[in-house]
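Scrolling down, you'll hit the structures one after another.
Two complexes, one shared chain (chain A), two partners (chain B, chain C).
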Partner chain A sequence: MGEMPARMRRSLLGYMPVDSPIYRLHPATRLLFLLVVSAYPMLIRMPELNVLGSIFMLILYKVARVDLTIIKNYKMAFVNLFFVIAIAYTFFGGYRPEYRVLAELGPVKICWENLRWAIVVYIQLIFAILIMIFFLSTTRERDVVVGLRALKVPFVLSYMAGLALRSIGLSIIDFNTIREAEKARALDLDALPFSEKVKKFGMYIVPLVALAIRRSDEVSNALDSRGFSFSGLKTAGRTDYILSKYRLTVLDYLVLVLMALFFAGIVASQLMGWFRVEDSLLYRL
Partner chain B sequence: MPEKSVWELEPGEVRKPGTIHIAIMALLIGVGAVAGTFGSLSIPLGYGVTGFWPGVAVQAVGSIWFGMWGVIAGFLFPFISNSLAGAPLYVSFGYLPSNLIQGLLPAWAFKYFKADPRLTSAKDYAIFIVFGVILNNILGAAWAVTALQWFGLVTVESVPLFFSGWTIGNGVPALIFGIILLKALSPLVVKHRSFVKKWWA
Partner chain C sequence: MAIIEVEGLRWRYLGSDWVLKGIDLSVEEGEFVAVVGPNDSGKTTLAMCLNGLIPNNYPGVMEGRVVVDGMDTREHSVAEIARSVGFVFPDPESQFLSMTVEEEVAFALENMGLPVDEIEERLEWALRLTKIPEDYLEKPPYELSGGEKQRVAIASILAMRPKIIILDEPTSMLDPIGKTEVIEVLREMKRSYNATVIVIEHRLEDIAPLADRVILLYRGEVLRDAPPREFFEDVDFLLEHDVFPPDVMVVVNELRKRGLYNGPIPLTLEEAERALREALGRR
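So, the complex of A and B:
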């Protein structure tokens, strides 16, 4: 008899095992992780450090038991990004007399300095994208709401964030319903050329917006009938039921302290001029 | 007697922001995120810039209909759509002012020039095309490439490539889908309680 599949939990980008170690952390810690760690590839350009950061993220994917096929879904995005950066920097990178010319394609000079910068930017972006995918893969709509509420974000903003994330799912359901209706009317989407598919998609906006407007009445009536206002419940201070289900643990505090030190380290490195891109191995070639 | 502008208050009419506006803003973020993600994945030019972004129609039209609620939705949903399409968080932050202006400018123009969102005259079309298709996207593109350059992600020489990619990639869908949305749904929206005559209600 085969092994029973692990219980899974829907995240913003896929499914995660319910007992993933990442869920030992409070949603607020995970939300802060996204913000703090995203500062790293934004401020640090040195490719060696960004490669290390990417390796760290991949280890985190493994530890958190994130389904790595999610990254495969972004394969085309990575490839496309590579070509865009390569073209932007090699063909539109500019030229200075001190640059080392690797090849000449008519009037275009492909220089090592431009190519080097393309590599630096690409590695930097790969790390930043891996952070984003990790966050989306491990976070649920509910986690965002809990995280925001734990960080004392006003009720109306937290509620709106939760409803907005939920409405993405609703819009996708509406979108599929519209497509099914088209198929039922014998429209063969697969036979359409890409340009027609793109045009067709744009046309879906009209029913999607119409459905959103209609749904806004239902949501608003539900909110009013439950006595909600901009500040929360119209009566006395409301109990954050969902927030009461989560507690910050020692592990959270430990991770938060590490993140604070890490962030201070990044800022200090910028102020002190450490880990400059000019110190990288690429610049010694 | 000339028809009354949709932006004018009825005698004794009191307008206040309510839960309907919160709901419409959140739902607009959902629709925009779906439309924007598809666009970002369809003809990507890198860093979330795309050759065809239908999300901009939701930004412009949503802001015309729902005032600041539409503007806020318009600058928040690209965060989600860009992230889902694989753009880093800080790049999405960099685009914030672009996405703000792309919704704010057409909303301001329609109110200022008292244009009708139902597009009943040539003036209405002209205002939408100038402020909701051309100017807003040019300003948005100008800021976006400035941000990309500031982050060191594009070179000065590649600015025209990204600038034209953003302007055309946003302008064409804004023109086509914006007009379709306004013509198809404005008659319904202006009578709906979510319609915003001032900025917040």
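So, the complex of A and C:
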């Protein structure tokens, strides 16, 4: 096992070196980066540009010193995603007389046009997933909360977002604890056939829900005991100490301007009809 | 002057029998009170009555009156009472509300609307008192050791500078090192922070020397309420009620029964040593 660098900071998806350049950016800048860059794969369908975007993201991973092995953890998810999309589009994508039929499986016609859409959507999603992994790898719950508050999102909503993020982590821990407890009682889920696995997963739901309810009860008591009372979205009189620790720097302004230009470019491309999927190389095949 | 007044307090959760069966209690400002008793004697329920979680957050039937720092707990919300009463739960993880130590300690201070400078000053003070290093500020509290977690929980309450601090079995979920760390913090609190402290605790050997009063709660009733020396005087009575005094007290009690020692029950190790020397000298 490799030695972990001395100073690491826990992010939502793992650990990041404390001296990563990404930490020079204000959390609000990082949050806006997620929102703006995510608009790219959602609005631009041309696969070549989404492949370029994915390459750009991988470069950012290196610059931000995100451990690229984290992507390997998702390789099965990438493969499964491809099959799900391919099946959905090829089997249920519909048929028109002008479509080129590649194969026929009984009543189902596998057409190039549907498969092409599957490839387009898959590449879009890969780019979107890379953006999300990057964000989660470089961001802490605290950054999300600070980012939202800096963008003037009410405290209650930003705090709820933070709690939701944390509850995902806690539920995973609970799930693993229950699994370990079952293993300790000689239930080897891995050895069971798929149908049995699905049935057994039902067993996890009850304790997980019970634990979640107990946790929410505890959090509610703890919130009350620390003087927090819910009075709607406006929390008048509450100091934002944590937000006061952050300042926007010249670098932030520079990145924000670049993002604004980038977003304007995406919007303009949509209005002007640039980078259409029909202009793609795939459509010349 | 009494800062806590409990009169004829009876409480039962919905669908259960009476958990508290008529508690009368008065705690003076600055007192350090230890509450002991076996499991299911109503200690946690009593603690929750003192910070208003009962009756505000739990359905049940309450009779009698609880007044803390001039606030009747029926008439004030938990958040209002929290400005006077800090509450430390047994499980440190269940009370964490944030993902870094800094946010955790500052959370209540932000709710109080204190200026940033004052939050910073209180945060540093609370961390110093609980001996939490400053480089822990950016760490998630979940990743600390058990003792450190509970110290962070205590720091986040201390930072509010409440007049009353209630600690509900603060060492029950900790390993021996963690327990010692927390007891050390309680000792420091007693020495340098003059709040009213109510501790529910099983480690009697550590709490007895710190407490001004010890209260035995048994099946929802206060059976004994006395200064530590008087409280531990009748060791047999305590053992009959499932309270296990420190071993040295039990040993010295046996020596007394056999006529080998006739002094008071020792509260500290030093006192126990003197008692044993005296007993050995008599042989």
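Basically, the second predicted complex is superposed on the first by the 239 of 285 C-alpha atoms of A that agree within 3 Å, B and C clash if a C-alpha of one lies under 4 Å from a C-alpha of the other, contacts with A are read in each partner's own complex, and residues count from 1 in each chain.
Going forward, contacts are C-beta pairs under 8 Å (C-beta built on N, C-alpha and C of every residue); 3 or more make two chains touch, one makes a residue touch a chain.
Small disclaimer: the values here were computed from a predicted structure and weren't measured.
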Between chain B and chain C, more extensive residue contact with chain A: B
Touching partner for A:V156 - first (chain B), second (chain C), both, neither: first
Touching partner for A:D252 - first (chain B), second (chain C), both, neither: neither
Partner chain(s) touched by A:A128 [first = chain B, second = chain C, both, neither]: first
Chain B versus chain C as contact partner of A:R166, first or second or both or neither: both
Contacts of A:E141 with chain B and chain C, given as first, second, both or neither: second
Partner chain(s) touched by A:R215 [first = chain B, second = chain C, both, neither]: both
Partner chain in contact with A:G227 - chain B first, chain C second, else both or neither: second
Partner chain(s) touched by A:D240 [first = chain B, second = chain C, both, neither]: second
Contacts of A:E113 with chain B and chain C, given as first, second, both or neither: neither
Shared chain A surface residues [contacts with chain B and with chain C]: 166, 215, 219-220, 223-224, 228-229
Residues on chain B engaged by chain A in the complex (per definition of touch): 17-20, 22-31, 33-35, 38, 41-47, 52, 54, 57-58, 61-62, 73, 76-77, 80, 83-91, 151-158, 161-162, 173, 176-177, 180-181, 184-185, 188-189, 192-194
Partner chain B, residues of chain A touching it in the complex: 13, 34-35, 38-39, 41-42, 45, 74, 77-78, 80-81, 84-85, 88-89, 92-94, 114, 117, 121, 125, 128-129, 131-133, 136, 156, 159-160, 163-172, 175, 198, 201-206, 208-210, 212-213, 215-217, 219-220, 223-224, 228-230
Touching residues (chain side chain C, partner chain A) in the complex: 51, 53, 56-57, 77-80, 82-83, 86-87, 89, 91, 94-100, 102-103, 106-116, 119-120, 138, 140, 143, 156, 160
Chain A residues touching chain C - in the complex, by the definition given at the top: 9-10, 140-142, 162, 166, 215, 218-229, 237-242, 244
